[in-house]
Structures are given as structure tokens and as C-alpha cells.
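I have a structure here, written as C-alpha cells, and I will follow up with some questions on it.
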């Protein structure tokens, strides 16, 4: 179970299910793993920002990796971003030993200049090991680190072990086009580009050159269908499907409460037992919950997956 | 032509039209002013962030105020945010003398603590004059200044001349609910709340308590219709209309290129002569332009205003 | 070995000594612990920002706590700031079990509003336990979180277990005066204030009301002497001593390379074996090393502690 | 009266004197201009950040330029940083017409990537005109824009009209060394480097390759003497002089209240009539004023310029 520079499709950003008392809900983790696979996901990414990774103790993180890797029949990527290289190295090594396909690394918010960013990833690659396949996470909206196509190119050139870009710059369509253009001229080697940001621009990203999505939207089965429609050249159908989901995608893509929306939807779909989050948690108010449910009800008229 | 704490409807955030050589296009300004009024807008806000205000010289700003105020039959709000109080005072006084209904003030990005924010607006009100009606702009996504409901309440309590909140926090629905709840209990005096952020959450904001919108989306006629549907209690129809526009609203709501999308749409609708921006400008690539046009074409099937 | 709201003197911010291969140098840790005590320090703070805490794995952090606590005859404070409450709780509990006197908590850089800051510390106190004595770290220069006296007062009022403020706002003299004034009127309960920022304003902080210093400057013996001179009312002598050290204090107070200066001085004083840092490390260039040595040589003429 | 890539010495960052009623104090401007020249300054920079430029209306800025340029017998640099290129162009053109030697441009705080910074200055140079000599201001502590030596090199290569770097990175000694090394190998053309940050590292900057200082410390006569001592190879004497002033330099180098310290000293020296600032002003408390006066009294024992 590996991933590569030619990986395509949808990698689910997995939430971490908790029970109401804050303990990890392993039964829901198993259901979630199965759900992602049945939805057609080609990979699963765990312990990312939306996986509440910083709220876990190291041994808990390892237990989750072990559980998901042991069940999954698709490659599992493990988020190992950490405030220091020691913790990053430690989790990366454990994860790879347990059978993870690779790791994902995001830059820490304090980085500013191009050189600082490039140097940081040199240190990170040295920490996790040059033989460990990894995903570069580009997420300025939350991390406040802005990587130009030139910086991404330098990182990709410096580190052959980086096989994938989790693209979630915003706005970000031109960045995909620019990177693909650099690859066409041969000045940049191939790598996979999967898009995040909750799928908010997934109606155009494939045509710009993205290989698919890496996001945790509550309807991964819609995401895989959408990628399939684009692969089949069915542009208008793809947009019809996307537009039916856009009101909810947009609602979920709110910094802070997005995770609550996502867990609420996954709970309503019967995948996870509760929508509990560890502290600090930002939960949905009754008004917000009613709004999400209203959007689901409207969506159900066009997509029966939302009818429950 | 005044506005008040009970103002409702849609205040258009006006773009500033330029000719290809960078000079101000007054003919387009006139058309735009008329277009906003015919679209049912209850007010016009000029020289805001999306009005390229910092790219204008003081005398140019004054010329634009004069032109719009002299033509408009709805209240005109003038953005007077400036790096120093001297420039703010000067433009505010000119604007009010020329017949503006009030001014809009955004906090400078360096502010951090609640006290700093509250004190800044005390200085700003002293600068523009305590008798000048003004709009408080709350726009953390671009300005990086976060105002809690408590801070907004303090500012509103300190300054009776503040009649309106331009709400564009993101996520921001709970903030509307919270402020309205504070007003219901009487701990906060009444003021108008018009929402920005390109209208991205205008399918729920009215029900949370917003009085309408203050934004520059290229279809202000849709915005006024939407507000009307909500006022008439036609919730589902409102959502149908909103959802038809959401793909474009979402596309336009990209920081940086949003203005280019907006000008492109207004140009295609025949309202402004060119989509030129003053430098530094972020223009649409051919790919982006094609995407916007595709979205317009899809929209035209549901809303004939997009058929041109 | 406890600390309290009436703690005074100098709490040394301990560096973490490493061997050249990056492993922890426990022999140097023992020497350093002894050195701080012989220098007259009334407490030791370990695993702070300048202690390279994020570069340690959890088991390493625990080993260091165990070692220092087992040897020290003064109270030991343990920095437990972490990206999530799980890691914070875990380290805090271990540290207290091993005999630490308390913990120190800094706010994460993403916090902006007064409420966010106050709420964060409510969560942190719940995580570490309401019975665990703690130090509030106020360090905007590095953490970008600005706490007004009002916010500090709220935190102190909410949490009786907070016994000390590590004050390193910059500029910060007025904040000390303001907090002490609030205590004088009785609107704020007593707590200890120890100042950081490398001691850069320690020639005025005691007169403003500080109880001493919490910093890692390479001459803690000078810091304790300085506090003693102020306690004895010998103002001019205190300034003479301070001024002799100011060129080096200023040089050490450079963000990024300050730790390298500090380790270089402690190595030259024979306290730690190497000036090695874990990656990412910012080391002194030969030019910088020569500058520090020149400053030490000049200082030696006025303070024989610098003659080695 | 021009400046060039070989300019040396001290360029005074001029404060803008106001009367108590907030109006510009032209008599003090004249005295200040003379004072800088008598202090041996080789240039004067007006309307910089510490010149309260954003608090001036455009016509006021022009009046100040006119006054200083008409009196000064050394080159005058005019700060033209502005939120938009229109205002920058306008002030730059007026200033050059009135006889200024050049302009100074700082980057706006929103810039992040290397490309954004380089592109911004391309736009700025186009705005002010490619024939206008200018100074690049590198001031990350206040502006939050970090320029690597590589970025500075690119800007210098792109724009032959940039003749000087106002260096106030912090820490910044290695940056001077790096830029000078690049010039030695010929990969970078010559330009002048004058250091800011209140002179806080002026005891080492000349040896690293700086040509002098551009700062507004209240004792410019000390700064010129210091630069002279270094030029004459009198290292120890230079440090003796510097160390006598360091307690005050350090006190003045506090963000926010630094200007108040500076105006207080200039007032006590009889150069400006009042220490008034325009709003928003951060004034000295009585305690702070007493601290500055105590530092001045101590300094007077070693430098009679402080005896008044």
C-alpha cells in the first residue's frame, strides 16, 4: 500500500472520533475507515489539522495510526507536523514502522521568507528520514505561510521523497496551472497534486491539473463521483453535482466551526457515534445545527446520499 | 438623504471604474450609480477597500465623492479609513460638506487588544467629528483585527454617531445572533447590521438578524431580490435564488482576484466600460476569465440577468 | 520547595545542554543546576522557550524534569506550553508528581481577542488541574499575543492557582506600574511579578514594582546582586552594575541568536560542556563570537566574573 | 545636494515638531535642521515613520519638505511610503521638484513572499519614476516584512536608482556582513548601508561594513563622533562613547514610546519647543520621564552634551 507521484483520486482527511467523555472512539474509527473505502477513496490521511492531532498525546496518536493502518486497504498518510523536529521524527518513524504509506508535513506559522520555508523542509526531511515518502501541505489560510510556485519547486527539487502537494492555497487555481506548466516544460519533476480547502473549488481544480482532492468533506462519496465525472469528460454533470453540494461545502469551510459541521454530518450519516471534540472545541449552536440540517434537506432533493 | 440605525436593504460597495490609461472613468461612475439605484439598492458606499481607495490621490477621492453624491438619490457612505487621523478627518469633512450621508471606518491592521481597538475608534470619532454618522467596518479576514461582540458593543455605546455595522467577520453568523440578543435584552442600543463578504452567507444572515447586505457582488439586483424574499418570508425561494448565484459568489469571494471578477461581470453587464484596475492590480488570467464566463452561462439558465 | 504569590529574587530560565551529537548532556544539567543555586537564584524554570522544549520528545522532557527536580534545593517551575491541552496536561501531571513546584504556561500565537486569551487559560487550568500552581507568561515579542493589564487581571481573578506573572512585554514598564496600582486599590489580588526579556530593563523594573527577574542571562550571579542592591536601596550602585552588563545583555537579547550567545557565555564560564543546540539551530558566526568575546573582555574590567 | 551609493556618515531621521495645539512648529523645524547640520550629520531624512508622516495631510507634508529643503545644506531624503502608489508618486514628484535629494520607501506590512516584495518595489519605482534616487527601508520589527539578503540583492539589481539601504533588521549584523560579501565577489553592485534601530548596534555595525547610521537618536552629535572614531580606527574609544549612551539608546528603542523619549530629549536640549505629538500619541508618564532624566543625569558624568 504505497502512494506515489502519480496518485490520483480522493484522499480522505479523517476526523478523529471521540466519545462524549473525550476518549478515543475506536469503533467509530473502524467504521470511518470502512466508510472512506466504500466511498471510493484512494487513500486516507489521519492526524491532520482537522484530525485534532495537537489534542492527542503521543501514545494516543500511535494507537490511532496502528488501528487505521491495520484495517485500511488503501494507503494511509500520517500528519506529523509538530512544533519541533524531535516529535516529528518520532511519530514519523513509528508510523512508517506500523505500515503507513507516508507522512504529511505543514510549515510552522512563524516562517516568513522563501529561504526560511525551504530550509525548514530540509530540516524536516532530515528528521523524518530521506527515504520516507511525504506530502507537502500548503495551507496559508490557517498557517499564514505563503509558498510561491518557485518555493514549492525548490522543495520538490531538493527532496525527491516528496511525492505529493496537498494544495490548499486560497485563491489557488493559478498556482495549480503554474506548477503544471513548469512540469510541462521539464523544469519541475512530476508529483501528485490533491486539493483541500474542503473542496470549495473542486469544480475547476481538476481542469487546472489537479489529480484529485485531499479533504474531509462529509460526503467523500460525492467527491469521488465528481472526480470520476471530470475524468470521464462530463463537465456539466460534474458541475451539477458540485453545485448541489456547494451550499454545504461553503458552510463547512468556515474556519473554526468547520470541524463541527463535518462531525455533525458524519454522525447524521451514521458513520461516527458522536460529534464530540476534545477541548478547545468549537461546537455548533442550535441555530447553526438547524441551518446545516436545512441545507442537508435541500440537498437531499438532488442527491439521495443526503436523505437520511 | 440620510441613513440611520434602522437602515435596511442593500448598500452597494461601489467599484471605482478606470479607463485603460488609469484615469478615472466618470461616465462609468454615472452609469454605475444609476445601475445600483435601478437594482433597488437603498444606499451606495464608495471608496471602500474594493473601491481601490488607497490608489487614489486625495483630490481624486474628492472628485469621485462629488460626482456620486451629486447624482445619487440614495444615501452615499464614503470610506475614510486612512493610515492617520489627519487624512481621515480631511476626507470626512469634505465628503460631508459635499452631501455624503456618512462615512465608513475600518480599523488599521496593527491593532491587537480590545482596548487598542476601542481607543482607536475614540480617536477616529474625534477626528471626523462626533456629529458625523458612521459605519463600523468589521473585516478580520483582510484587516486581521478581530472584534468580539463585547468590543463592538463598547464602541457602539461610546459613540452614538455610529449607526451601522458592516459585518464581514468570517465565520460570522453567531456574531449577528449575539449582537441582536444583546439588543433584545436592552444592554445594547439599536443599530443597523449590513453584511459583507461578497454575500457568501446571505442565505442565512437575514434570519440571524441582519438588516441586509453591504457588498459589491456584480448582481446587486439579485441581492435586493433576495432580501425582499426573506422579508416576505419566502425562505425556500430565497435559497433557490441564492444557490443559483452561489458558484459565482464563491468564485468572486477570493481575496486578491475578487475585484477583477467583479469588474469583469460589471463590464459584461454593460455597466462599466473596462475592467481596468490601477496598480498594483491583480487581473484575471484567460483561464480564470473562461471559468467566470462558464459560471455566468450556467447561471443564465436559472436567472436571466446573467444572460447577455 | 514551593513558590508563592510572594516569591522574590531571580528564577533562572535554564538552557538545556546538549552534547555535540544532539543527546542530552545530563552532567552539564547537574552543573547548571548547581551554578544557578550558587549564583543565589531563588528558583529555576526549565523547558521554557529558551530551553529548546519543542525540540524534545516527551520522555526526554520528563527525564530532564526528573534530573533537575531531584538535585535542586530551590523550587523548579516546568514550562508546559504545548499546541494541545493533552500534551500540556500530561507533562504537567508528570512534573508535579516528580516534585516540581509549579508549571509555566504561555498563550499560543493564534489568540487575538481578550476573550480568546481569557478562555484559553481557563482551558489550560482545567487541563493541568486547578490545584497546580502556575506562572502566566506574557511574552508578546515572540508569541504575538498582547495581554492588557485588564486581561491579566481577569486571568488572575479567574484562577487563584496562578501565583506569578513572567512579565516580558516590551515595552513593559508601565504594565508593571499599572498592575501594582490595581493591587494597591484592592481590585486585584497579590501575585509575584518576575521580569524576563533577558533583563534588558532590570535597571528600572524593581522600582516599578517587580519582585525580581526570571530570565536566562549568562550572569545570573549579577542578576541576584542587582536585585539585592535595589532591595538595599543602592540605586546608583545598581545602575553601575547594570550598565557594565548592558552591552552584553543587549547583544544577547537578539531574537534567534540570543540562545547561542547565552550558551557561548555559559560554556566560557565552564558551566556547560558545549554550546550545541538541537536543530533548527541558529549558531554564532565567527564574527559574532568575536564580538561577544570582545564585550566580555570589556566587561571584565568592571566585573571580575567576566574575567576568564 | 545629492546622495549616492557611496554616502557615509549620519543621516538624521527628523522628528516633526508640533505646537501644543497640534499645528506644525516651523520655527522648531528650522532649529532642528540647523541642529542636525551642526551635529555633523551628512544628510537629513524627513517624513519617516518616526516623523509622524501618516498623521500629516498631503499639503502639510509638502510644506515641511519645502521648509527643510530650502534651509538644509545637506541632502534631504523624503519618506514617501504610502498605502497606494498614487499618493507615493504625488509626494515623490513634489519633493524632487522642491529639491529633495531622493526618497525613502518601506514595504507595506501585508507582503509575505520574496516575489511579492520584489514586485512591490518594481511598482513603487515605476510610480516615483526610474530617475528618482531612493533608499530601501528594511524594518521588519515594525513592518513585519522580512527581506533576505537575496531579496535585497534582487531589488538592487532590478533598480539602479536605489542607492542606499536603511538597514534596521533585528538582529541584523549578519545581514550587513552577507551583503558586503556579495558585493566583494562582484555579484552585487555597490550601495550605501546606513543603520537604524535607534543605533542599538552601532558599536559593531561599522566593522561589519555599514557606512554609518540613519536614525533619530536625540544625540546625533554623539552618532557622528562615534562614526568618526570608528573611521579613525579608535575601537575602544568608540565603545566607551557608545556604552555611555547605551542605557538611553536602549530606553529610546522601545516601540511606541520611543518617539516620546526622543522628543523629550530634543526638547530638553533646547532644539524643539515642545514634545507634543499628534494623535494617536503615546506620551511619557511622569515615572518614565523621571527615568529618562535619571539616565541623562548619569550620562552627563561621561558626556557633557547630556549636562543641561
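Letters A, B, C and D name the chains as they come in the text, with residue numbers starting at 1 for each one.
Note that in this section contacts are C-beta pairs under 8 Å (C-beta built on N, C-alpha and C of every residue); 3 or more make two chains touch, one makes a residue touch a chain.
Labels paired with UniProt names: A, B, C, D = Dihydrodipicolinate synthase family protein.
Everything numeric in this text was worked out from a predicted model, so none of it was measured.
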| item | value |
| --- | --- |
| Chain whose Cα centroid lies at the greatest distance from that of subunit B | C |
| Subunit A-subunit C separation of Cα centroids, rounded to whole Å | 38 |
| Distance between the centres, which are taken as Cα means, of subunit C and subunit B, whole angstrom | 47 |
| Averaged-CA centre spacing for the pair subunit B and subunit A, given as whole angstrom | 34 |
| Shared-contact residues (touching 2 or more other chains) in subunit B | none |
| Overall pattern in which the protein chains touch one another (line/ring/star/complete/other) | complete |
| Interface residues, subunit B side, partner subunit C - complex | 112-116, 146-148, 150-151 |
| Footprint of subunit D on subunit C - complex, ascending | 170-171, 173-174, 177, 200, 203-204, 208, 239, 242-243, 246-247, 250, 254-257, 285, 287-288, 291, 298 |
| Subunit C-touching residues of subunit A, taken from the complex the two chains share | 52-58, 60, 82-87, 90, 109-110, 119-120, 123, 126-127, 278-280 |
